[in-house]
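In the two assemblies presented below, chain A is common to both, partnered first by chain B and then by chain C.
Then we have the complex of A and B:
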């Protein structure tokens, strides 16, 4: 296996990774941009093309025009070790087999995953993530004429509802677990953050769609797939639908950072003023340093791209802009904090770990993650705790402690492959 | 939109080019993609490579179908 050599390896080609690549390449560094998805864009711009209009098209064209940026798609990090001449040696698993990359510096831009909370029936086909359904539709799922109920928490629910409507679905309603007072607080923060235009556009796109605050799904039912959802909380009703798009906020994807030994703080990757992590030569940018949306991701990406390549003179007012984005981030997490009553949604038999089919009752009896793993195999199945980890954090207050290389179940040939 | 043909569970399936294998399966009403350890039906959950619920065999290799774009002549077998 011949290794690819680069000055800077960027892992994740979402808004943060793309912005980092462009900033770094402007200074002449050789940049390798890798993503496990089939193309650039990350979550918000999934499937975006350089020919598109708007922010994503402009950024993608910028990246395309830089001859010193190489992209590697379908590539997921499996292992990492010290490089032979310093720096890092990172092994990717790709559909074409393993690829080894030698890099002097690394920017981690792995984004976030959705938090799924278990309730009776959440494992039925047709119950999906909120961002999850958005991602599926952007990848070609046809929802024309389908009835979609959006539920969970966070501003993403509105973006998803608008996206579903634009794709031709009938959005039967949006159930947001946050209380009306908290939502008002968020509205004011958004106003101060200059997001009035954005919000007005969303509200216009969603005119006529019911929005139920302090409301959440208590049961999903159906035979072979979902047909009906019961809502509880402030608005109690039962609705017929084809899709329940339920996501309870986003969780920084810190797995990669943990693999590289970077320190975490409050569930996110800890970074300094230049986006540097606790590991020398490794930077982090975007959702993995704290959920803050696309603006924060882009600003942090640019910051990391410049500082990792020694172009501090180009920073200009980036630090000030970042300060504002982080204010907004703080108001986000206050307003959409999950209500404690969500912990009572699972019934004794509701599965928490979908890979190993471990029910709530079995986990309630465990004092910690470590015990739960030993006694029930919770978090030890195929997804390695990616789904049940954030759920167990909310339900039982456990912190997931499970990242061990390799990061994904590798075929043996990949591990041995030379 | 150009189209292409793949084979799903032994049947030819015509789909738009550029979509994911998962979207192709869902388009053919394959909502349930596997059985869980205790025999329950399971379909895709996250759409982004996190949950592994969408896995199936594509040209003999076990993959997360939400991450793989369709290609002409591809063969897809469900785990169900």
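Then we have the complex of A and C:
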């Protein structure tokens, strides 16, 4: 396996990674930008093109103009080891086979993952993650005429509902677990943050769709697949639907950072003022340092891109802007804080870990994630805790630890470098 | 009157000792800061294997396997206890020549062992590469998922579990980091690799190992497969070494080992050594190249100079008993260890007491050397 050499490796080509690449490249560094998706954009700008209007298009055109940025798409990190000259050797799995990258410095911009909270019936076909359904539709799933219920928590629900409607689905309602007063708090913060335009666009797209605050799914049922969902909380009712798109907020995707040995704090990657992690030469930017949306991600990306390449003179007022963006982040997490009653949704037999068939009752008896893993094999299956880890953190108050390489199943032949 | 015994460490050895002492009617408290069965117990393969490196090792491992077989019907299903047998594989004439003495040794210990020629070996394990010389099949060997077995032993012993770290070990007193001090007639140190922090003078060295578990869908094997050169790897020298050692899991996954490395503390894999280990495994089992790695981890074995555990009273510290230093055989030898310890503490005599597992043996060995 031949190795690609670069000054700076950026993992993740969403808003944070693209901003980091652009900032870093301005100083002349050789930048390799890798993402597991087929192109740039990440989750939020999936399918973005340089010809697009808006900030994604502007950013992509900027990145394209830099001859010292090389992109590697469809590339998932499998493992990382210390490189021969003190840097890092990162092995990616790509559709074309394994690729090895030798990098002096790394910026992690792996974004967020959606938290799914289990309730009876959640494993029925037709029950999917909110962001998951959005991605399925973007990759060609036909939802025209299908009845879709969107439920869970966070601003993403509205975006998903609008996306489903645009794709021809009948959105039967949006159930948001946060209380009306907390939502009002978010509305005010959004106003201060200059997000009124975005919100108005979404609400216009969703006119006529019922929006139920303080309401959440308590049971999904059906035979072979989903036919109805029972809602609880403020609005109790049972709805017929073909799809339930459920998501309970975003959580930082820290698995990559854990693989690199970066310290975590409160479920996010711990970074200093210059986005540096606890590991020398490794920086982190965007949702993985704390959920805060596109603006925070872009600013952190620029900060990391500059500091990782020694261009501190270009920072100017970035620190001040970042402080404001993080203020918005704090109000977001207060407004959409999960209500404790969601922890009582699973029944004794409700599966929490779907890979290894581990029910709620078996996990309730365990004192920690590690002990649960050892005694019940929760999180030991193919997804390696990607889904059940965040759920278990919320349900049982545990800390998800113990990420083991490789990050995705890796053919032994690739591991051997054959 | 019931005596109070404190067992430090809730790994498989600590749990087995707690269960034995409780059976004698003693009041038992187990101290563990981490998860039950979370150290070497979780990191190991859970191979229950008779080893004949020395008469004491043969006695300890074979007696322990009898005890595992007695315990098996009571173990929970999740403990995955099975007697899949071990298949020792000979790759050359020298290894083949070692088979007959090995078979004789197993038979003296009452363990069945059957010699296979090259054709028979290929027939019962067709995924092994061609050109191997033969093997020794030990059908009574098995596997167990040790973290679940440890928890079972602990819960059924009736011992109290205290989640704390021991900060000081004095005569018949144990001080914990939660401020508590426990008085005990006996303190059993079963702390695996962590025991050196409490008793720094013990002749223990940590020997790191790597394991890899595959996804389902790799080659199918029926036995735990080990190369006969394993002992060379295990005991030859202080240098890093690897050996072919593969275990089929009931799920259809494979556990791949093994490596030995002194003086490495980082939990991250040593990638060059891991690649050596995998290349060795794929040399014996070429179909492994089709398998995918799901998870890779490292663990620490706590090793003594003669590769035998230390079991029995501490010669200079009244009230302190040792049950540690099992290297790679802690899961196999846990039940025999507990039997030896119980015999020391008022329990029935054990056939194992004829062998010297005491700490003093190292002084004698030093004198004779």
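Heads up, the rule we're going with is that the second predicted complex is superposed on the first by the 417 of 418 C-alpha atoms of A that agree within 3 Å, B and C clash if a C-alpha of one lies under 4 Å from a C-alpha of the other, contacts with A are read in each partner's own complex, and residues count from 1 in each chain.
Just so it is clear, contacts are C-beta pairs under 8 Å (C-beta built on N, C-alpha and C of every residue); 3 or more make two chains touch, one makes a residue touch a chain.
The shown structure was predicted, so the numbers you read here are calculated from the model rather than taken from an experiment.
Novice: Kindly say whether there is room for both chain B and chain C on chain A in the superposition, answering fit or clash.
Specialist: Verdict on chain A: chain B and chain C fit.
Novice: For A:382, decide between first (touching chain B), second (touching chain C), both and neither.
Specialist: A:382: touches chain B and chain C.
Novice: Considering only C-alpha centres, what angle arises at chain A between the directions to chain B and chain C, nearest 10 degrees?
Specialist: Between the chain B and chain C centres, as viewed from chain A, the angle is 80 degrees.
Novice: Is A:357 contacted by the first partner chain B, the second partner chain C, both or neither?
Specialist: The first partner, chain B, only.
Novice: Look at A:316 in the shared chain and tell me whether it touches chain B only, chain C only, both, or neither; answer first, second, both or neither.
Specialist: neither
Novice: When the two structures are overlaid on chain A, which partner does A:374 contact: first (chain B), second (chain C), both, or neither?
Specialist: Second partner only, chain C.
Novice: Looking at A:37 after the superposition, I want to know if it touches chain B, chain C, both of them or none. Which is it: first, second, both, neither?
Specialist: Once the two structures are laid over each other on A, A:37 reaches chain B alone.
Novice: Quick check for you: in the superposed arrangement, does A:207 touch first (chain B), second (chain C), both or neither?
Specialist: In the superposition, A:207 contacts neither chain B nor chain C.
Novice: If you tally the residues of chain A touched by each partner, is the higher count for chain B or for chain C?
Specialist: B
Novice: On the A-aligned overlay, A:144 touches which partner chain: chain B = first, chain C = second, or both, or neither?
Specialist: neither
Novice: If you take every C-alpha pair with one atom in chain B and one in chain C, what is the shortest distance in Å after superposing?
Specialist: Minimum C-alpha separation, chain B to chain C: 10 Å.
Novice: For chain A, which residues belong to both interfaces, chain B and chain C?
Specialist: 382
Novice: Which residues of chain A touch chain B once you look at their complex with the stated criterion?
Specialist: Touch residues, chain A against chain B: 36-38, 43, 47, 74, 76, 95, 113-114, 116, 123-129, 131-136, 139-142, 224-225, 351, 354-357, 382-383, 386-387.
Novice: Quick one: which bits of chain C touch chain A in the complex? Just the residue numbers, please.
Specialist: Residues of chain C touching chain A: 34-38, 42, 78, 147-148, 151, 163, 214-215, 268-269, 271, 274-275, 278-279, 282, 288-297.
Novice: Which part of chain B faces chain A closely enough to touch in the complex?
Specialist: 15-16, 18-20, 22-24, 26-27, 31-33, 36-38, 40-53, 55, 61, 63, 66-69
Novice: With touch defined as at the start, can you tell me which chain A residues reach chain C in the complex?
Specialist: 79, 81, 261, 367-368, 370-371, 374-376, 380, 382, 384, 404-406, 409-413, 415-418
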